[in-house]
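Dropping a structure here in structure tokens format, bear with me for questions.
For reference, chains read A, B, C and D in written order, and residue numbers begin at 1 within each chain.
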Amino acid sequence: MGSNTTTEVLTRNAILKQFKKKTPMQEIMIRFVRNRMAVVGIIIFAVILFCAIFADFICDYDTMVVKLNVAERLQGPSAAHWLGTDKSGRDVFARVIHGARTSLWIGFVATALSLLIGGILGAIAGFFGKWIDELIMRVMDVMLCLPEMLLAMAIVAAMGANVVNMILAIGISRVPRFARIVRSSVLTVRGMEYVEAARAIGARNGTIIARHVLLNCLGPIIVQVTLIFASAILAISSLSFLGLGIQPPAPEWGNMLSEARENMRDFPHLVLAPGMAIFLSIFSLNLLGDGLRDALDPKLKQ
Amino acid sequence: MIKYILKRLLALIPVILGVIFIIQFILYISPNDPAVVILGVDYTPEGAAQVRESLGLNDPFIVQFARYVLDLLRGDFGNSYVTGEPVAVQLAARFPNTLILVVVSMTLCTILSLPIGIQSAVKPNSWFSNITAALGMVGIALPTFWLGLMLILLFAVHLEWLPATGSVSLTGMILPAITLSASFMAGTMRTTRSSMLDCLNQDYIRTAKAKGVSHHDVIDKHALKNALLPIITVVGVNVGTQMGGSVLTETVFSYPGLGIMLTNGIKQTDTPTILGCLVVMAICIGICNLLVDIIFAFVDPRIKSQYSKRG
Amino acid sequence: MADEILQIRDLQIEFVSEGEVTKAVNGVDLTIAEGKTLGLVGETGAGKTTTALSVLNLVPKPQGKILSGEVILDGVNVLEQSEHEMEKIRGNTVSMIFQDPMSALNPVMSVGEQIAEVVKIHEKVDEKAAMERAREMLETVGIPGERAVEYPHQFSGGMKQRVLIAIALACSPKVLLADEPTTALDVTIQAQVLELMKELKRKFNMAMLMITHDFGIVAEVCDEVSVMYAGKIVEHGTLEDVFDHKCHPYTEGLFNSLPDIDNRKSELKPIKGQMPDPTNLPTGCPFHPRCDYCTERCSQEEPPKVQINDTHYVRCWLYENTKESQLKG
Amino acid sequence: MGDVLLEVKNLKKYFKTPRGMLHAVDDVSFTLERGKTLGIVGESGCGKSTTGRTILRLEEPTSGEVFFEGRDITKISKHEMRDLRKEMQLIFQDPFSSLDPRMTVSQAIEEPIKLAGLIKDKNERFRRVLHLMDTVGLAQRLVNTYPHELDGGRRQRIGIARALAMNPKFIVCDEPVSALDVSIQAQILNLMKEIQKEYGLTYIFITHDLSVVNHFSDDIAVMYLGRLIEKAPAERLFEKPMHPYTQALLSAIPVPRIHNRGERILIKGEITSPINPKPVCRFANRCEYCTEVCTSQEPQLIEVEPQHFVACHKVNAEMGQGQ
């Protein structure tokens, strides 16, 4: 048993292990980690994500985030209130932290929604082609004629401003983007010779789609997911800023900015903090997306 | 060429009809009752029924859609539920303001970002290229409305150089235009840079160099003309996105344009106003796309010859 | 000799990317006499194109670095010329035709403009005269002059290559560098283009460096041939020298890899192994790992240039003693 | 006639294009005996690759029949066709795009065996993979390598191993060596000859390189714009090409020798594309012997001497006179 001098005795795993190499996934990781900006992006995003997940441990929601406390209104930064308080005496730091939770989860659900709908539509259009492709893409073209912001506003206008409607509005308005990117990557991969090669060895359509097409489409879609996540976060705060999204006293960066406007002349920190939070989330996601794009780019693989 | 333009123009019609259809459908399925908006405190079930009947809201959706389109052809956008005035009047007053803002900001954005993008592509590893790339990353991530607020703080509140409120005047336009163009500037710059870089790596650039074409002409005559195609597309798409972005900018600066009208319309659930604003913006964007297609045909001989031969 | 129009001496070029050094050209010497054609034969990655680009001083920077050597074109060392000086030389004294005609023409300029451009740069003529010349050049390469207003996408691959030849020849250069000009073309079109190039070479009386991997093309158009392997010229001679008295095992291997069109039963005797990795070239003779005659010495010491006769030399230890015996005999 | 493995009858494949119907393969018929190699040559756009793919039903034929071991495979269900794929394989032209970039060498070779369910035991299956790698000359240490890390020759060896994995009887080789350097090309050609002998394979060898096809094939078929215009045993075709296009094609080969070079026949013009072709000789506009009949009637493929088929009015007329 112990002898592994001949091929006969060696099992499959033993040989595979003997010549073990880096998988493409590991190589992508290495390329990603080498990219300094991408690492900065992922660190910033990790901090924001941490705040969002553990917001309740960092600051109590009921006492610090939503409770009115007129006695302590409009204070500057202090030991008790790191970023001061707003016009209702609520702790700005606590609101920014809890705002991360709002933005991230709504953004996440909205992105997932649009990926789901757009992905399915794009995949159908790409796989089946012909009239169904024509139909889906014409509808997407029409939707693209309406900027995402305006479409989202129209949906909120019709359905009313609340969390569910906002998810719907942001999710649906980003469907065309996903549909297009998924369709084009499906088309590219479908045209590759290795897909025909799989058919030539008798693979079924299902196997081809799962093993060869989808796996190879993943790269550009992942990149797009990060970028659309960023745009969803921006949309949430934009809608809330306009008063069409999350309503105060619930903490949201956009509505914080909107509320802070009237006092910004004397208390500029009120607009600085939530603005920086929006900026950093989008910035980090964009860096992440760019880093992923570079790491996944087959051209750099040589 | 004329045939090409006509063909594009015809293709625009179903797109605009489609946009109107989508917007109207979204508003149609809304649970909001227009009668409540119109009657306000005078609301009675009978009165409401009468209002609905007179507005034709009991008709099937497709009839309402057809009626709206037909009215639109006569320039009739319906009357506001809140004020009862024709929406068209309001639109006529507001739309030019938004258009001016978008045009100014577009121009600003293009004038600044094209040369920067080209320069940073020509010298891809220089400090200039690195700094502008970093600025671009920051610019893209800046939320428009926050940037607007910060600019007000700096230039209106602290330095007191410019008014905090936007208006259709030289000084009143500066801050809104900068705000609106900032994020697009970064995007246009990045596209210019990457499409220039792409073109500079093409074989025909090597051919041009081998001919003895000077460095300057290689960039101006050979690379730029090819790089222009994706840039034009992005600038075209920007117009649409800027229309969307103008809603936020106008709100920040209380600039009297379509954006504020739209936001107010939504808050008051004033359907004809919402519909009117969105339709005007969509038509505007459609026309922009048409212009891009036409410019494309002039720049790209592949489209031009396709039509000149058989047209 | 006075009539040498192009002379490359001890050229060494390497590329650096992501810390890896690719040794593309490792001490190339070659000369072309006025009006003669030299074939440069080798497989992918042998450094043929890089050698040709160095004549135009167009080795891509900053990755590409010319470590040593000189390229003397019509009496001037182009590697020492300023960019401005080079612009006057490129397209005028020396022109180049590239491998892929599909992407070598600018898609948004008419072919007439592209030919006229080179005329305008090098000969002080106005727009109209330049366009007139462009039309003449098109006729010269067998395309009706009125097609000058058309754009590259309206031409087929063979036609595009003709346009590129017209661009290259518009200013009657003394040297033409042709980088696999027919590889991307079909056989019958290749025959047309080769015929055209031979005819034009006579007409313009220029020297030509013909880069190819095909000995058939060499036999067709060249006077002399250099065989390149891993950035070095391993054998050089006249057509007779190389075709009838080939010396280097690599040259021999290349010929043995070609199917014999007259004897279809003949067996192919391929060279064993793969092309060496240019970032990690073997020591000694770069061909030694694939060579059937490899000795201890081959793997350690680089073989010198051995002159077989006046026109024929080879870089191989096998012929080390040939020189003396030849001299004696 | 010997043991016929493949018979193609009036095979047609048309594609719809914006400019009209593209007759990529138009009425092609031939038979191929077991253990032999048929070379199909022609220039780009002549339909040689489409012919190969249509025979394997990777493209559905527009009309016509393909008999494989006496069975018309154009009539069988997709399910049956999948089973039949074990017997008929394809080697691709481009060793760079025909391999899934996310599959290692061993995974790529294992895939067809797994899909066909030939060997259930994992270790046994893997031994088969190693055996195949050995057959095509891939070192065992490459099992976990990805295609992008290998050169063209090695990638093409993977492609051959994949094709061999299911013990096929028949392989269509679509320009298997045209992307490779000369020295590697000879290695692969020799390898393909060896495995043909060892496995008793029948090949269709598609290429544009006439000297390669001459070396490799028993019979050669020449295609032009979707039509089969001449077919003959390789020796005969090179000795006495009859169709003017074949003559020009053969004379256009740059021969790597400096003595006894033949005179070259240059043909004018360029290949167009067979979109809505008129029923005339498709070579007529480039042919120096073109007569009235060439531009009014389509020539049929006729056996002018044993095993030598030509579709040319001029040849037909001459042979008719001769008899």
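As a working rule, contacts are C-beta pairs under 8 Å (C-beta built on N, C-alpha and C of every residue); 3 or more make two chains touch, one makes a residue touch a chain.
Remember, predicted model here, so these are calculated numbers, not experimental data.
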{"item": "Chain hops separating subunit C from subunit A, counting only touching neighbours", "value": "2"}
{"item": "Label of the chain whose CA centroid is most distant from the centroid of subunit D", "value": "B"}
{"item": "Distance between the centres, which are taken as Cα means, of subunit B and subunit A, whole angstrom", "value": "24"}
{"item": "Rounded Å distance between subunit B and subunit D, as computed from the means of their C-alpha atoms", "value": "54"}
{"item": "Averaged-CA centre spacing for the pair subunit D and subunit C, given as whole angstrom", "value": "33"}
{"item": "Distance between the centres, which are taken as Cα means, of subunit C and subunit B, whole angstrom", "value": "53"}
{"item": "Per-residue overlap in subunit A, given as positions that touch at least 2 other chains", "value": "none"}
{"item": "Topology of the chain contact graph, where touching chains are joined (line, ring, star, complete, other)", "value": "ring"}
{"item": "Touching pairs - complete list by chain label", "value": "A-B, A-D, B-C, C-D"}
{"item": "Parts of subunit D lying in touch with subunit C, wherever the complex brings them together", "value": "43-44, 151, 153-154, 181-187, 189-190, 208, 210-212, 214-216, 234-235, 238, 248-249, 251-258, 261, 264, 266-267, 270-271"}
{"item": "Sites on subunit A touched by subunit B in the complex", "value": "37, 138-139, 141-143, 145-151, 153-160, 230, 234, 237-238, 241-244, 254, 257, 261, 264-265, 268, 271, 274-275, 278-280, 282-283, 286-287, 290"}
{"item": "Residues of subunit C touching subunit D in the complex", "value": "43-44, 156, 158-159, 186-192, 194-195, 213-220, 239-240, 243-244, 253-261, 264, 266-272, 274-275"}
{"item": "Subunit A residues within the subunit D interface of the complex", "value": "7-8, 11-12, 15-16, 19-21, 24, 192-194, 196-204, 207, 211-212, 215-216, 298, 301-302"}
{"item": "Partner subunit C, residues of subunit B touching it in the complex", "value": "125, 202-204, 206-215, 221-222, 225-226, 299-302, 305"}
